[in-house]
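Should a chain be cited, it is by its letter among A, B and C, assigned in written order, with residues numbered from 1 in that chain.
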């Protein structure tokens, strides 16, 4: 078999792989859109759930998801980026505790999310006495996505060429000035990407939230220290109902979820582009 | 042929060269300097003085420690974990490595230009303004930027497009930008670690001409692996070589330090002679 | 570009021209001493040679520095090499002026022949003219003018040959004969100065054309040359 033929076959195999992924995704999307688009309306967005599918909405769930994501942003990003900065710029690699930290972070990314749920139940809900509240849900999601954020941020920080740091130090900048004025701005595109990954992972998490106390039927808007639910849970609950309309509502819920996800991603991409143009 | 080359045309007589005589005021006084990385010695027992308004060049084969040495002058070796500097480096009679000396203060006065031009991924203006901003220098920033770019012989080329990205400049321009960046903080000394080795010959000549101009106001120390460059630009040259001990461990040593004329016409040490004539690397 | 280098090259050439000025002064002094039989002036000429030697060494040193530090190539290199040779020729010419002065001292007590002295003066001013033409054509990079030196040299050579006959015709008085011999040596010095001026012209030609050729070759008087 000549090199050219082999090259051609390889190219074809690549195209097939891409096609499989795209076709599957397209099928799922089309199915969801077909079932759910007619049901995406004001009722869905503004009404609380009800046993009557015509009156049921997902307002508490939507608000719950939005609030969880907002809390995640506020808690996880500073923690994750801060840890990454510490590990990359300040920590002495030789010290045992820093090495321990590094190994642990890599392990944490692989832990199944249900384990986080159990952790949350034991330490946050019962141990700290927070109870089954939104804050607990947000905190556990934070822990879940932290490893992703830390790894992505570290990669972004590491990607900043050392020559930039050397140049800044040589001008008389302090370590903090070098980090805040050169390294971080240059790493923002990577950090933004990492945040997208983290939020995208978290938005769909169901198991840990359930363990920490998300309810399947919540009719009031979620508050920080009150009962709460999230969109994936609401969708799960509707799928379980026998009525066909609830299934369509579930599809509609999925569309809303995707919409939220795309909005978040768009924002992060905008942020990345804004900082990337200087390169 | 006689129309093209300038030396085949009668040279108009300008004022005779009035370079100031070589200054004898020492800016740096190095005594018994030793640098090691993680316990392994890289540079041994170096003692010399760097003089004001001179261009001083460090030459030698690779691995002889000349880059390590130049980084001792602005405490950049502090940034390398495992690096240990022993001995004394006095700058205007102050010990640079005394415990009460702040490395940031040192680097304000002693600037550095690196081998590969390293402009920040920001605009030309922000590059030059970075130093004054982080150091909290007062005064008109626009003026400082213009003056620095003018001194670095770059203003004519970029004066009209300061907001453009620094990365859009050519290699030679980027290096001059890095020089302007240093000049903006008004240092006393300019350290240059192989400033032209990543550049084409024309840009190299421009940098060399620039060094000649800048030495009127700054003390310049340059590391170069191109000994002809040292011959062209330096007033004094120090030749470093590699010492291999019984264990096979390689350390850098200072072999000879003298006026450049002497080093290139009649060096005292046979090792120097061997190196500059190219008989040994 | 390479401002230092250009400046140093220009300064060296300037020094060379000023050295030439010193040599011409020396020649004039020697000729005056000859005409007036002025021993004091002759001694001054001898002492003055130290000045020329100082210039010579300084230029030699400067050329060494330039070669070591600036690695000139192409026309720059030819200029430096040409200056090296011109420097040497000027120094030799100055030495001949010293010899003339010393001969004047030796001949002081002797009676001479006025018309012979006139002839020597004629040769002397020709030699002086040749030096001036040589250095000017070097400065102006004027090849044609440099080639004129050949003709001027002819005149000195002819005059030099005629002088031998004139000295022989002086007659038998021992003092006059001694004086005559000394004057033959003076004439020889002047002729050699002329030759050095021609050599300087050849350097000008080398600088401009990049080829070295002798204007007149003693072993090939018909114009062909070995150096082609």
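The criterion applied here is as follows: a residue touches a chain if its C-beta (ideal position, glycine included) is under 8 Å from a C-beta of that chain, and two chains touch if they have at least 3 such contacts.
Because the structure is a prediction, the values reported are computed rather than measured.
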Checklist outcome for this item: Nearest to the mean of all protein Cα atoms is the Cα centre of chain B
Next on the checklist: Which chain has its C-alpha centroid farthest away from the centroid of subunit A?
Outcome noted: C
Checklist entry - Roughly how many whole angstrom separate the Cα centroids of subunit B and subunit C? => result 48
Item to check | CA centroid of subunit A to CA centroid of subunit C, Å | outcome: 94
Next on the checklist: Considering only the defined contacts, which subunit C positions touch subunit B in the complex?
Outcome noted: 1-11, 13-14, 64-65, 68-71, 74-76, 78-79, 139-141, 143, 207-210
Checklist entry - Where on subunit B does subunit C make contact in their complex? => result 1-2, 5-11, 13-14, 16-17, 202, 205-206, 208-209, 212, 228, 231-232, 260-261, 264-265
Checklist entry - In their shared complex, at which residues does subunit A touch subunit B? => result 92-94, 161, 163-164, 166-174, 177, 181-182, 186, 278-279
Checklist entry - Taking the complex as given, what residues does subunit B use to touch subunit A? => result 74, 76, 79, 81, 104-105, 107-108, 111-112, 114, 116, 118-123, 130-131, 134-135, 165, 167, 178, 181-182, 185
